[in-house]
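One structure below.
Every chain is named by a letter (A, B and C) in the order it is written, and numbering of its residues begins at 1.
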Amino acid sequence: MARVEYQQSLDALEADLQELGEVALRAVRGAMNALETQDVELCDEVIAFDDEIDRRYHQLEKVVEELLAQQGPVASDLRLILAVLHNAIHLERIGDQSVTIAKLTKVAADLEPGSELVEGLTEMGERAIEMVRIALDSFSARNVERARSLPDLDDLIDRVNRQVAGNVLAMAHAPGTQEWGLRMIVVARCIERIGDNAVDIGEQTAFLVTGEFREFADASH
Amino acid sequence: MARVEMQSELDDLEASFQDAGTIVLRSIRGAVDALRTQDVELCDEVITFDDEIDERFMSIEKQVELVIARQAPVAGDLRLVLALLHSTLHLERVGDQCVTIAKLTKLASHLDTKRAVIESLVDMGERCVEMMRVALAAFGERDAERARGLHALDELVDRANRQVFGDVLGYVNDKDALEWGMRQLTVARCFERIGDNAVDIGEQTVFVVTGEFVEFTDASHDTPTP
Amino acid sequence: MSTELDVPPTNAEGDAAPEIEIDSRRMGELAGASASDVRSREAVFRIEELSVSYGTSLALHGTTLDIHRNAVTAFIGPSGCGKSTFIRCLNRMNDTIPDARVQGQVLYHGRDLYASNVDPVEVRRRIGMVFQKPNPFPKSIYDNIAFGPRMLGMKKDLGERVERVLRHAALWDEVKDRLKENALGLSGGQQQRLCIARAIAVEPDVILMDEPASALDPISTTRIEDLIHELKREYTIAIVTHNMQQAARVADMTAFFSVEVQDDGKARHGILVEYDLTTKIFTNPSDKRTEDYVTGRFG
């Protein structure tokens, strides 16, 4: 492969990643819409759609393996390939989180929803979507500063997550909604995990640019 | 000469991975013990211990990058390196789950516990320890059959998770019990995720052995878990 | 997949090239091969049970494989595996070795390369060769290139031809102001590119390369690899290399040859072990011997 074509394959790899990102975002949006509108059909679509995410993810992994085997990349090329690999993993996880949200929404569909809770979750979802968007954009632009802004957004999600727990407790006296509320605790956690994965993508931007891997935030802090 | 270096670097990388695995096993056991005995101090230990785990993971990632840059592994060697990378990420996830379990145990420690639920959770936790042990051993021995067997073990963990959900549903009319129950739901889910990650490490073992990546399970095809 | 029946180029005078039938049997044979998969392209060479002996000593065991149009095919393997012997059969270079015996069949565009009525000079025009050690003539740069075409009666627009092939070989800018200088004054990398230009000046169909970059520095090696990549658009290229990473980088298809010990426990001959897409050879080869070689466990 000539240098020009080698560079083209790296560019193509990155383009594949961004496409995977778009597809994962679609899944998150779909799951959150389905949650908001209690739309069971949309839930099914999101669940089925995960096959597409997985297909793209495995395809990307294969390309990474081939590039590593045939081109012997080093230095910044290698960092790019490793960063893309990590980000693909995070996006695939985001896809899985979306599926879980959709499944739970479906399971809870014939239960009474608590409207405050839906609002809280919808807000969390919007934050998470925003975070994934920012993470993907800052990776593509190699914008470390912007990537570093992600943990703060993540804090917002955490805050709402705690409110959700409070809300569910408050539902203790309203029969019917409690089971729904308990399911939603898991949904909230899924959204939180999407936010965490977005932060992880941000960390890869910093790794790519600086050559050093540093965590922005940590589960135990 | 280059081959000797390559093999040596691969061996080192794999040893680092197994070491990290041993440490994560300690973490799971710690979280399970803390849960069983409601020991807040042990919770704190698990939480602070996570920093050391994270350092090890970052070191393994660096090693992966260096092996690839220096040795340009191909074919089976490359698969091994990639499998070690993926498996290390799974271990990292498990470490995070342990921290969450410990934090929640701590958070809910002032509330009354329901013995039955604790027992279910401890049972789940012990299954997870077993699964992780099997996953690490199967990888080390390149035992694809044993790795595939993890899927069945995972079913048991998933079932226990659903059981816990059912139990907690029974507490909805008691506010304190509900609060405690909510935390335990998340703990159960953490164990379930630990099980999933052990299965994922199993998938990596099969990848190393066969050269093909096959998912044992898939999020969208699983029976729903709460 | 191209369905165009490709005929070897006519010479510069526009004279019709000697008739060579295109074997189109295998076009479309590969079920499932994608359009971008080189295996779906016409087989320029179909080699069947090709074996080579020097006197009574077997050097290369019966080998069968197809070489596809506009692909780069690499032959790799340890010393003594027969890869150089093999490639030399493709343009009848083994003819020059007195007790070399070639058995089996080499079909070039469907025609038996070793048939008695085939002109070996014409063979070597269409199937050019570049060697490990650059071997420019002790003449000017211009004359190095012009020599072949002149011999073949391709005299029309010679100056244009020289410029075209020097550009094609990524050498023009470096030599355009000193075409009359002796070629031996060029650097190793430049000389090798000159030899490539010389090979393509006579409008070959195939270019064979036997370790083309092993005598060069790393930067020149990269330039040669880039050049190979460009050249495959117009020519079919086969390359012998001891540098596995080079095969991994440049080749579409890779054939791994190894050494086999004969029954007497002493005599050795070369044998084709595995031939597949380069991607397959380097990510998940089918044969353990291939795996051992590409991961460096061999020898």
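We adopt the following convention: a contact is a pair of C-beta atoms (placed from the backbone, for glycine too) under 8 Å apart; a residue touches a chain by one contact, two chains touch by 3 or more.
All values reported here derive from a predicted model rather than from experimental measurement.
Novice: Can you tell me which chain pair comes out on top for contact count?
Specialist: Top-ranked chain pair by contacting C-beta pairs: A-B.
Novice: Going by C-alpha centroids, which chain is farthest from chain C? Tell me that one.
Specialist: In terms of C-alpha centroids, the chain at the greatest distance from chain C is B.
Novice: Once you find the CA centre of chain A and the CA centre of chain B, what distance in Å lies between them?
Specialist: Centre-to-centre distance between chain A and chain B: 20 Å.
Novice: I'd like to verify one number: the distance from the centre of chain A to the centre of chain C, where each centre is the average of its C-alpha atoms, in whole angstrom.
Specialist: The mean C-alpha positions of chain A and chain C differ by 49 Å.
Novice: Let me have the rounded angstrom distance from the C-alpha centre of chain B over to the C-alpha centre of chain C, please.
Specialist: Whole-Å distance between the two chain centres: 53.
Novice: Would you mind listing the residues of chain C that make contact with two or more other chains?
Specialist: As it turns out, chain C has residues touching two or more other chains at 245, 248, 282-283.
Novice: Find every residue in chain A that makes contact with two or more other chains and list them.
Specialist: 65, 69, 72
Novice: Hey, what residues on chain B touch two or more of the other chains?
Specialist: Touching at least two other chains: 72-75, 78-79.
Novice: What residues on chain B touch chain C, complex-wise?
Specialist: It is residues 2-3, 6, 72-79, 211 of chain B that touch chain C.
Novice: Which bits of chain A are touching chain B when the two form their complex?
Specialist: 47-48, 50-51, 54, 58, 61, 64-65, 68-69, 72-75, 78-79, 82, 85-86, 89, 95-96, 99-100, 103-104, 106-107, 165, 168-169, 172-173, 175, 178-179, 182-183, 185-186, 189, 213, 215, 218-220
Novice: Give the list of chain B residues in touch with chain A in this complex.
Specialist: 47-48, 50-51, 54, 58, 61-62, 64-65, 68-69, 72-75, 78-79, 82, 85-86, 89, 96, 99-100, 103, 165, 168-169, 172-175, 178-179, 181-182, 185-186, 189, 213, 215, 218-220, 224-226
Novice: Please output the residues of chain A touching chain C within their complex, sorted ascending.
Specialist: Residue list for chain A touching chain C: 1-5, 65-66, 69-72.
Novice: Could you list, by residue number, the parts of chain C that touch chain A in their complex?
Specialist: Residues 222, 225-226, 229-230, 245, 248-250, 278-279, 282-283 of chain C touch chain A in their complex.
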